[in-house]
Structures are given as C-alpha cells and as structure tokens.
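Below is one structure, written out as structure tokens; the observations come after it.
For clarity, chains are labelled A, B, C and D in written order, and residue numbers in each chain start from 1.
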Amino acid sequence: MTTVAVAEPFPGEREVTDQVVREHKLNATEYRAIIALLERAPTLTELGIFSALWSEHCSYKHTKPVLRRFPVDGPQVVQGPGENAGVLRLPEGWAVAFKIESHNHPSAVEPYQGAATGVGGILRDVFTMGARPVAVLNSLRLGPLDDPRNRYLFAGIVKGVGDYGNCVGIPTLAGEVCFAPCYTGNPLVNAMAVGLLREADLATARAHGVGNILLAVGAKTGRDGIHGASFASEDLTAESEKRRPQVQVGDPFTEKLLLEASLALITGGYIIAIQDMGAAGLTSSSAEMAARGGVGVEVDTSKVPTREPGMTPYEIMLSESQERMLVVAAPHRLDAIRAVCRQWDLDATPIGHVTDDGIFRVVHDGRVVAAIPGKELVDGCPMYSPPAVESDAAKNRRAFAPMVSGPGCSVTLERLLDAPTIASKRWVFEQYDGTVRGGSVMPPGGDAGVLRVADTGFGIAMTVDCNARHVLLDPYEGGKGAVAEAARNIACTGAQPLGITDCLNFGNPEKPEIYFQFVEACRGIGEACRTFGTPVTGGNVSLYNQNPVGAIDPTPTIGMVGLLADVTKAVPSHFRMPGDAILLLGETRGHLGGSAYWAEVLDTVGGAPPPVNLTAEHGLQRLLVAAADRRLLRSAHDLSDGGLAVALAECCIGGPWATVQFGADVDLGRHADAASDEGWLFGEDGARALVSCDPAHVAELQRLAHDHGLPCHYLGLTGGSDLIVRRDARSWRWSVARLRAIYVDAIPRRMATVTARNGAP
Amino acid sequence: MMVHVHVRIVPRSGLLDPQGQAIEHALSALGFSGIGDVRVGKAIELRLDAASPAAAAATARAMCDRLLANPVTEDFRIEVEPE
Amino acid sequence: MTCVAVIRFPGSNCEAETLAAVVRAGGDALLVDYRDTHLHHADAVILPGGFAYGDYLRSGAIARFAPVMQAVKALADAGGAVVGICNGFQVLCEARLLPGALQRNAQQRFVSRPVDVRIERNDTVCTADYDVGEVIRIPVAHGEGRYVADPATLTALEAEHRVLLRYVPVAGSDLPHNPNGSLHDIAGICNAAGTVVGFMPHPERLADRVLGSDAGQRFFSSLVRSARVEVAA
Amino acid sequence: MMVHVHVRIVPRSGLLDPQGQAIEHALSALGFSGIGDVRVGKAIELRLDAASPAAAAATARAMCDRLLANPVTEDFRIEVEPE
C-alpha cells in the first residue's frame, strides 16, 4: 500500500457522522475498510468520492466475480472489457467500437432528459476510444400503455432519445420496445452506440507520465446530478433544498462540438488519454484513468470552470454535468490542444496533473481536501457474493400452464399483432433520424440495422435484444436465448455475428432470488457467447430496478454487432415478390411455455421457456450467412415473439414504409404432426428463421441447410392479398391489409392522447 | 367572465439551459452587450371562462401542475387579465 | 471542373454525404467553414443539413449571421447556384434569400421517413436531370419542416411556378403524404430564376445504389452540370 | 441600471398554431372546460444593463427584430422590470 496521506475538511463542510455515512450508502464494512485504508476518518469530500466509486455502478461489488466468467477473447478482439467501450476488428484496417449503457433511474424521474443524456453519455464512451459514432440503438421497457403515466414516460423517452441523436447527427439504426407490468415505475432505457475507427487510431483512458497535465474540456460544471448515486435522504431544510440533486440536462450541440474536438485531439496525436466525465463525473474519470495507468493524480477543484459560483470541492468532484471530458496530455501540448478546442468553440482548462505517489489527491485553493491511495480507491471496495437461491414462486411459475383455452388461431394472431410489444415500432423510429450520414443500408424496420462502413464494400449489422419473460421464467435458458436471438437477427441480414456488449438490468441483488437470476442469466449469456464465438467486449450493470411493488423482470439486454462482408448482399426481412418460395429453417416443436401467446392473449406469464439449443442456433447463423453470401435469399426473418404466425404476418405486411404487401399460401401439413395448432403457429422454439427465395433456388437452399444440419421445410408461395395457413383439413385466412392496419396502428392508437403526468414522481 | 391567461414557463434556476446559452452567445456576437442570465421557456396564452380572476388563476395553476409545466425541470408564473 | 462549396456550420451533420454526392456526380467539392468570408472560387454553394447552431431558438436563426453568409448572399445576388437542403433551406428562409418560414411539424414530432415528392420544374440549377412531374422517393428527417408563408406569398409562389418539390400521395401508402403539414404540400421552393433553391428532403442520403436507390443523385448531377454551363457562359 | 427583460414571442394571429391546438385538446381531455384560443410561444428572460427602462425596451426590441422573433411568423411583446 502507498503511504498514508493527510487531508483536511473544506471549511463549512458537514462533519462525517454515522448518519452522513449512511446517507452515502456505505455500509459498516465499507466504512471500516475506508478507515483502515486511510488510517484516519475521511473528510466529507473523501466520503463522497468513496461513495461514488464504491457504488455498484462503479465498483461492480456484487457482480464482478460473475462477470469475470464471460468469454472475452477472440481473434477479432482489439479491446475487451475495461475501457470505455469494446473494440472489434473489421477488414481493411477498420475497427468497430461499441457499448451499451442504462439510464433507467434518471429516465424514471425525467423521461426526456434522462433518455437524452443516456444517449449523450454512451456516444462519449465511444468517441473517447477514437471512434466516430455512426449509429445509436435503444432498448426501452415500459409499463403498459393503458396507464397515462406510462404513456407520458414513453413519449418523453422516445423524444429524448431522438432529439439527442438527431441533433448530433448519428442515425438510430435499431432498437426494441417491450411493455410489461413490471416496468411500471421502473422504466428501462438502455442506449447503445456504435463507432468506427482505424484500428491504428485506438485511444485509451490510461493516465501516465508524471507531470503530465489533466484538462477539463467542454461544458462547465454545475450542480447537476450531485449525490445522484449516493444521497438518498437528508432532512429537507431550506439549505438542503438548494443542494437537491438537479436533473442533468443534455446539450447535444455541445456534444457535437465535443465529439469533433475529441476526435481531432486523438487522431492528431495531441493527447495521452481521454475519458468522459460520466457517472460520478470528475471523480470516476480521474481516479479510473490514474488507476489504469498506475499513477497518482492531483486535481485542483478551484481551477475547474463552474457554472455557478461557490461550488465546493465535494460538489465539483461529484457533479454529473454532461458534455465534459477529462484529458491527459504533456504540458508542452497545451497550446496546440487549446487551439484545436477553440476551433470547436470549446475551452480546455488545466485542472491538475499526474503524480508519482499513487495518491488520488484533491486540492482547493491550496488546501488538500482529499488524499486517498488511488489503486485501493478504485479496486479496494469490498466484494460481495450474496446467496443465490431460486424462489419457490419462480419454480411454481415455471411449472404453470394456463387454465383457459384461447380464442382460436384467427383472433389470436390479430391480438398478438395488436400487442404493443409485438406491433410495429414505426411510431418510435419515425422520430429517430435513421438515414443521416448517408450509409444506412437497412434503417430500422428489419431484423437488424445495417450500415456501410465508410466507402468500403463491407458493412456492419447491429441489434439489441432480450426476451425478459423467458429470463424471468428460466434465467439460464433466457440468458442463452437473449444472445441467440440477437445473433439470429444479425445473421438474418446475412452478417456474421462478431461480439456483444450487455446491459444487465436486474432488481436488488441483495435478495437471493434476484441474485440467482443474475448469476444464472450471466451463465447462460457466457455459454452462448462461447458457442457462437462472440466474446463479451464490455457492458453495464444496472441493479436495484425495483420499487415497493416489486422488481423488474430480469432484463439482460444484449447488444450485438456483426460483419456483412459485402453490403450488396444484405438480406431484407420482408417478402419481396409474388411467387417466391417460403421456407422454414429449423425445427418446430410447438413449445408454448413462456410464449407471447400465453402472456398477451391468455394473460398468463408462466411455463418453461423453450430450451435453447446452442448448436442448432450456431448452425442456423452459419446457414443464413452462407445462403446470403450465395445470394440465395430474397428475405429472411427470425422467429421470436409470437412464433411462426407472427413472423409470417410480418413478412407479408412488409417494412414500415412499404406500399405493397404480399399474401402467402402456406401448408404446414407435412411437417406438423406432434404439436397443437397453437403450438405450431405461436410456439417460440428458437433456432428458426422464415426465408423466401426464388423457387429455382429451393433445392440448393435445402442442400445447404442439410449441410448445416438443419431442417428446411418448404411451406408454400407468396402471392395474393391474403395470408392463408393450412393444416390437414383446417385452414385460416387473414386479409394482409387488415393485419397491416392492426400492426401499424397499435401504438399510435394508444398514444393518441398523452396528457397527464399523473402526479410528480 | 372571460379572462386572458398568460403562463410563463421557464427552466428552474440552476438547471442548464442550452437554449438560453446559445441565445446569449448569439446576441453578444451580434454586438448586444451587458446581457446576462438568458433563460428560454414557453409562453402560453389562452382564454378562459371563469367565475373570477382568482378562480381563473387557480384553474391555470392546476393546468400547469397537471400538464403545462414539468415540476422536475420548470417553474411557472401566471398572469390573469380580464377581457 | 465545377466546384461546389459545401458550407459547414458548427452543428452541420450532413456535409460528408453531401460532398460525396457532389463528387459522385463528377464535381469538385470543397468544405467551407462558416467563419470563412469567401467561397474560394466555388461556382455553386450547398448549405447542408444538420443543426447549424443547435437550432435551439429557431432552425437557421443564428446561422444566417455567420460570416460566410455574406459571400453566399453575394453569390446568390450574382445569379450563382445556391442550394439549401433541410437545415440549409431553413437558413435560406431565415436569411430572406427565399420567402416564408419553416415551422415545427404539425404533429409536434420529429419525422424521419421516406416521402414521395414530385419534381415541379426542371429548369432550376438542381433539377435539370429530372423530368417535370417525375415522382421520386427520398427521405426527410426534420422537426421543423412545415412550410408556411402569408397568403400573398403563397399565391405568388404558385403563380410564378416557384414551387420546386411537392409532397404527393402514392398508391398503397398508409402514411399521410405530407409529413409535416406544409402549406400547399410544399417540400421545396426556388427564386424566380431557379438559381436559389431550398427543400426539406435529403437527396444526398439516397444517392447510391448500394443503399437500395439512387433516386436523389440527379440533384447533384444537375447542379454540377448547370453550374458548369453558367461558368462557361 | 440592471433591468429584467421579459420577452414573449407568439405565433402571429391568423397563423395556424398546431402546438396550441394540441394543448387545448389535451387540456380538455383532462377535464378542463371553457378554454379557447390557446397559443404557444416562447418566453425569453434576460438581465440587461441599460441606461433606463425605455432604453432597455428599445434594445430588447432590436434583439427581437434581429434575432429573437421571425417577422414572417411571430409577434413579440416586451416587458421591462427594474431590478
């Protein structure tokens, strides 16, 4: 351990009492560890710093051992977990940086700003790697739309995501939106950013070089979000009201300037390291950069440009004001750096330097207000592995089956297409610029977003996915399934899955049944990633998504990117021509446990979700990529929520802007023996995709499927204006025009009146 | 009686106001000097049928609380003017 | 070779694809900073899409005071080709180089989707390679694209055939053909000579076969060709 | 002297105001009645160092003419309040 250092309280600062320690969400063990480390009691500033860095968000104190089991290596990995974003190798010297992050709690309080600043933060994580952001994705979970507060949140969140990315000029290329009662009061906003860089330009966030300077670049520091992580309660006095955490407000215009300036600084070779002042602001950025580089730092908070007068070192260290960067550079570069920043109308202000004593030191007007051994500050938080035990309720749920019978297949399909989770998300992504930058090969509306890489011939595909109901019912299978669904979506476009980033949204980990969900879901994710050769390159953990009514369904959102070697071979999701052959790849068992049919139509969340066959999933991915490469496919769409019937309907309905629809006439007869009609139509067995092709290619496709060890069933032909499904003597028929109307109108119809905020949060 | 209600909704003090900043910046670039603390919000005007000016103000407050203003980020002020 | 200046305001974000479209059309493209006071001998100017200054007050309101706008005005006054796309259109209206204004979309939401627009004239600097009456599908992406003008201005625009692009319905679409509530379904207008042009849709975003369509490319081939003619004359 | 300037910028009468309509609609959906002519504009507040309230008003008018309001679509009103 480094030598113990002294610090004194800042004048007027509150005394550190037991009560104050509790308010900072540090427990007795942690506080003892702090005293042992410092060999004295901490100052308030130090307590605030510990509280931030030892929060779950920064320390991963409940989750690190579990996350360590993820596969993180592979020939394509340029940068694995630990930096601001993961980076994977692409052809021709290119690389892709990507990362996902949650902004759940801020969005619950202030949906518009919460979502907007979520996008802003994740963009910064990507461009600090030296990558130019080229796409945003978003995964949103809300309570049902019949509740006015949920409508208000949904409208605000979507507008926030859109306004921010639109203004910065980054297309939003894909996403998902799910609705379930558990998200009422606990909305989830997960934002992912994807960036491109020349591999040689990779930047890191590692401070080094004693005497090098720390610079604050970008917006001024205000009282935004202070105590956001730690200060739960405080007697409400006039004085404390003034210190009340302020909502963080996003400024996408400044972000755009910061983006350009940062990339200019990085690619111009002006700087040594750069990191976003994100959660826990200056504290986490400076401490983490120092710890990664194995050095100490000294920050002079009196030099930090502030928006308001009289800010204390505590406030400055913990502010979460947006659009700020911390840069490490050699002193002789200062003038050049300032010139680059001025070009973008930004200030770069020296606020500290790198030291050789390993101490994380904060001074204000010459007074040392914090001095903490830096490595222990970042790595020394006590770790916890709470008991992980599945609850009886969870076991019972899995054994459960609905008591009622359904309304019949005809009505069921219509009800499913009208369910907001399944229905068209056009209302959402119509508010997101999907085409800016002129590289969008497949904007939202298909299985995955596809983007051309600069002016090369190759592209990247991207998606976010998670079936939280499946994870709830069986965390291990559900975890595998989330990765499998993401990979299917990528492969349906013809792209090869490359790697993932994850956003692990769970309830309170101190509850054994929640921790069980966490451990098991992660085990499933890791195993799927190992089988598919898609390493985990980073991610984010969001725990305590829980209110007095209960916890959210465990929601480990998977963000995945893939490589499309030739963008001219991108495969769309919907039927394209009448007279094309329709084939079903993969095996159907008619597994209804955990299905959308049970949940949305029979109001039953129960049963065991379909077991995930990773070998079959992997085979399907390779088959889809091979078939696309040979240009055998006219369309490909993965089967997920709502099973075969929903996939068929979606392929007929066409894309969000389609002006033509196609009917289809399919016969399940020869392949469907065991399962019920409902099982065949609405079961959610994995490892399946619905494809269409020129009838002349059917034989070749079937051969290829055989080579990949997958069944390939010929179902029928596209054409006409109705979707007709036959099985033995029975048949069902739907007008595609009517199905489309249901599907595209489900969300706008419910969002026609957004009025009440329904009480302040 | 018919009254005119003017509602002014501005960002809470302490909150970042990027619009205000941008305008302040632009005004000084145009040569206006001695300007500070620019805040930008919404101005809402409406006509209201109310028993009295006081009743109108109460109704307007309720409108702000329930819909017009966002209590997390905005403060509001109401003026009532009989027609 | 025809040289087209693409102006970059601090918050422009469509300049790269706009430059690429000009180059693909055989033109010479030049990025010009908003602080520049001259256009480096460019024959034509494009004000690209984006959020010039964050557009926090009104789109284009602050941008019109940028130093480079003097040179843009001078070029426009001299009969040179000036094209505003989306935010660029907003800037041209704010700068009074084109009449009217672009207001918040009627539905109060940003709109990003393909629209079908009819080419109303092909004797302007950027539509010569289209046929009159041709309907093309290109994207819009804007929050403030509702074109408004007073009745006299609208009447004059129509009488003088200065509506360049109009949103039109196409069979089979289940979306309103007018994406923002623009008066007279106006998507773009021009000055009397057809040399100063502004429109909301983004042809530069759909100007390459790889993206499934190059419906917008002819705006740029027209511009490169017509500006060259001008120079020769 | 320092004065507070309040600028209210509203859509010109005669022009359609979809935002105002949307709010009117939402208010009546919430049960507010007797409402009409809802117009939504911008409220801009700033502090200004000026020789007199009259001078401040003149400066504010100039700001509106040059930047803050678009004469094609907007009207403005200015109030000055000494600090």
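One rule holds in what follows: a contact is a pair of C-beta atoms (placed from the backbone, for glycine too) under 8 Å apart; a residue touches a chain by one contact, two chains touch by 3 or more.
Quick caveat: nothing in here was measured; it's all calculated off a predicted structure.
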item	value
Intersection of the contact lists for chain C and chain D	A, B
A-C or B-C - the one linked by more C-beta pairs in contact	A-C
Whole-Å gap between the CA centroids of chain A and chain C	36
Averaged-CA centre spacing for the pair chain D and chain B, given as whole angstrom	9
Centroid spacing, where centroids are CA-atom means, of chain A and chain D in whole angstrom	41
Residue numbers of chain A (touch at least two other chains)	251, 253-254, 755-756
For chain B, residues contacting two or more additional chains	18, 22-23, 26, 30, 40, 66-67
Touching two or more other chains - residues of chain C	53-54, 56-57, 61-62, 65
Pairwise touch network: line, ring, star, complete, or other	complete
Chain A-facing residues of chain D, complex	25-26, 29-30
Complex interface listing, chain B residues touching chain C	18-19, 22-23, 26, 29-30, 40
Partner chain C, residues of chain D touching it in the complex	15-16, 18-19, 22, 67-68, 70, 72-73
Touching residues on chain A, where the partner in the complex is chain C	159, 162-163, 166-169, 251-254, 256-257, 344-345, 429-441, 452, 455, 567-568, 656-660, 740-741, 744
Residues of chain C touching chain D in the complex	57-58, 61-62, 65, 93-94, 99-101, 103-104, 106-108, 146, 148-150, 181
